[in-house]
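So that we are looking at the same thing, I have put the structure below in structure tokens.
Letters A, B, C and D mark the chains in the order given here, with residues in each chain numbered from 1 onward.
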Amino acid sequence: MAENGGTDLDVQFIHSHDPEHPANLICTLCAKFYGLGWVTGTGGGTSIRHGDHIYIAPSGVQKELMKPTDMFVMDFNTKAYLRKPQTHKPSACTPLFLAAFERGAGCCIHTHSQWAVLVTLLVERDSSKDALFEIEELEQIKGIGKGRGKSGNLGYFDRLRIPIIENTAHEEDLRESLEAAIEKYPDSYAVLVRRHGIYVWGDNVHKAKTQCESLDYIFQLAVEMKKLGLPWTK
Amino acid sequence: MAENGGTDLDVQFIHSHDPEHPANLICTLCAKFYGLGWVTGTGGGTSIRHGDHIYIAPSGVQKELMKPTDMFVMDFNTKAYLRKPQTHKPSACTPLFLAAFERGAGCCIHTHSQWAVLVTLLVERDSSKDALFEIEELEQIKGIGKGRGKSGNLGYFDRLRIPIIENTAHEEDLRESLEAAIEKYPDSYAVLVRRHGIYVWGDNVHKAKTQCESLDYIFQLAVEMKKLGLPWTK
Amino acid sequence: MAENGGTDLDVQFIHSHDPEHPANLICTLCAKFYGLGWVTGTGGGTSIRHGDHIYIAPSGVQKELMKPTDMFVMDFNTKAYLRKPQTHKPSACTPLFLAAFERGAGCCIHTHSQWAVLVTLLVERDSSKDALFEIEELEQIKGIGKGRGKSGNLGYFDRLRIPIIENTAHEEDLRESLEAAIEKYPDSYAVLVRRHGIYVWGDNVHKAKTQCESLDYIFQLAVEMKKLGLPWTK
Amino acid sequence: MAENGGTDLDVQFIHSHDPEHPANLICTLCAKFYGLGWVTGTGGGTSIRHGDHIYIAPSGVQKELMKPTDMFVMDFNTKAYLRKPQTHKPSACTPLFLAAFERGAGCCIHTHSQWAVLVTLLVERDSSKDALFEIEELEQIKGIGKGRGKSGNLGYFDRLRIPIIENTAHEEDLRESLEAAIEKYPDSYAVLVRRHGIYVWGDNVHKAKTQCESLDYIFQLAVEMKKLGLPWTK
């Protein structure tokens, strides 16, 4: 089916009374994320893989007001839109969400959290080495998985490392450096984007959402630690 | 119709079951803005242009409790009140809202956000040049339009500039300097008022609200950056 | 009627379907104040004068869960309890609420707001002069009345002055110094209590609540100003 | 009954229309704690003793979404699970909750509050003496009980002391040092865990919850005091 084949008449993809259906769940999650300050002013986005269907929140909508009828649905194999509301633009995050889904993720969340942005500003840009947010010995690190295909979560004495990529003028142009970061740090479930925010994913909605929360908690704590002169690592 | 012609019996202007009707929407927005800390203690205000009718939240009401019956309605052409609740005073922001509507805005929001006030305090007053809040290279800047009559939004590498005007004893006396700031910075969708807050507008409610959120996010980030010793511009 | 005359069977004082009835309104207000961080862990309190009846939230209850049946009702003239729930203790704030009511207040709010506590810590204790929180040139100052019996609110160029009294081991022992502060600063609608919180009142619920919000906004701003090295007065 | 004897078919322990029933109350509390930032990303936990039954929130669930059917129920005397949902893991906090219950507590709350973590980072680790968070002369200290078996709460002039124990790789391994801290500071209703969070308990749900709130308030205030250069004790 051609990309223009999808129309907003395709209600079969989004009509469900099950609150766990991706079309409903993305709305619930986005309203919660708005309350957390992650998707202020139409920023950020969320996408869920449901079998071979990718559900994606559209660009430019007030995330706390989103309705299932706003949802884009893409075929994972052909990348053709199965549902494409004519009143909205597809999310510029789509190629980045796909990069996560192609590596096994079931859900990917993009936030503009101020704590994420601030930690990217507190890690110096140094062309001689990769930019990394690193912190250790915080209980909340145990909220993050060890890595794709590995069982269990990081331990208290493991150092958390999140790669930071440089921002680009256009969000879709982040894909190359985001994929390079994932390839180099295959155990990371997140990539920070300098002066922009973060992409966090997980095997399923539960893991993506709770990892995103744990990371945001750690970033906020890290910013407060910096204000108080406390080091992130030994 | 004379200014006193409008009474609170004119329910036809405010009675609608449509949540998108301006009389209902201003109430929903004000309750949300209260939660964001923008309209604490009856501060701030919101106005929507609906064809030739201007809907304005009254002065001195608890914004989170506002009801459609509290609403003032003004004729845009004659500036006469079509509806004027006898129990309330018209908003002192009215001339400032009108200045925005006369330049094409469809909605104007006035907040007392602490982040807005703090950035006005962090920009030095210097009689030899205009006071401007300036910041660059933040993704959230892309949430702000390029300017009236221009298509699309600012880019990541564009510098955001918001003029700052000095506060006056009476809110209505801000009109002259607000209009001067708009004339000098015609692409700006907002004017900061030193030690007071901000006026933000947009072509419609969606744009005014999301631009106001994006700016508030940027101001909060800017204050946190200052605490951490991070510069706003290069 | 003796103090023990009131029992919790006296439902006539608290049973009303009107959300504006004091027994209902105190519950709604306290739930809101809990969300604002003003009455954490059973701290703080609220009282409304309704004709000759004083409605008072009890001591030691979770304020966000309060029910009309929890309410104490006192006769303003005799100071006898008309209603005294046997399961609760009367609020230790009662003498302080009465001090405000005896000076014409219609509602009095006591919060443990952290911003209020922090400003009391930022004003030095100096036995040679009264402790005062002073700030000027903030628009939000216009949310505070000029003083009892005076019409209208403070202006932007008026300096806001809130007396600070020293805390005592027992809350009821604050009455003497609170009354002395009111007598010395008769135009103030609030008294800060060092390392403790604030008492704010107003002619009616609307004024007490919005003045309490405006003051809390100003205290938070003042703390942030201090962190950023910005002076409170010229 | 053997530990495996409990299954999730044992609905009699969790089915009640009474909102005060532990199975319902833990859900309500956890949703509230999520809003307070105490149980972000499945962190933290809550347990209530109800006669000889211990109700425990499971490990790894989104605390704001918890349902009574998620609940574990343990026999206090035999420590066997009477109800053990097969889809969840028991909370690693269980031995720590039991340590509190064995000393008379009726409810125990474990949070990852950032304020708690930050105060543990602000108290230096010194092998020559116990690590203690100490603060004095704050009204909110009066929200904390004098100690087990003692009547009434701390006074304004009493110094609040909360022992801090070092974190371990596995939560259950905290039990020994937590019990040692309780034995050494038998009047404390809480133990801080460095870089981790806090355990707070009380004779009943009301006391555990309000003490946890009061402590969190004090920790937040203490962090803000540190930023402003204000000492915790004289």
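Just so we're on the same page, a contact is a pair of C-beta atoms (placed from the backbone, for glycine too) under 8 Å apart; a residue touches a chain by one contact, two chains touch by 3 or more.
Quantities reported herein were computed from a predicted structural model and do not represent experimental measurements.
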| item | value |
| --- | --- |
| Co-neighbours of chain D and chain C - touch as defined | none |
| Contact-graph separation of chain A and chain D, given in steps at minimum | 1 |
| Interface sides of chain A and chain B: same vs different residues, half threshold | different |
| Where chain A and chain B are represented by their mean Cα positions, the distance between them in whole Å | 32 |
| Chain B-chain D separation of Cα centroids, rounded to whole Å | 45 |
| Of all residues in chain B, the ones touching two or more other chains | 227 |
| Residue ranges of chain D in contact with chain C within the complex | 137-140, 143, 155-157, 206, 209-214, 216-217, 220-221, 224-225, 227-228, 230 |
| Residues of chain D defined as touching chain A within the complex | 37, 40-43, 62, 112, 114, 117-118, 121-122, 167-169, 193, 195-197, 223, 226-227 |
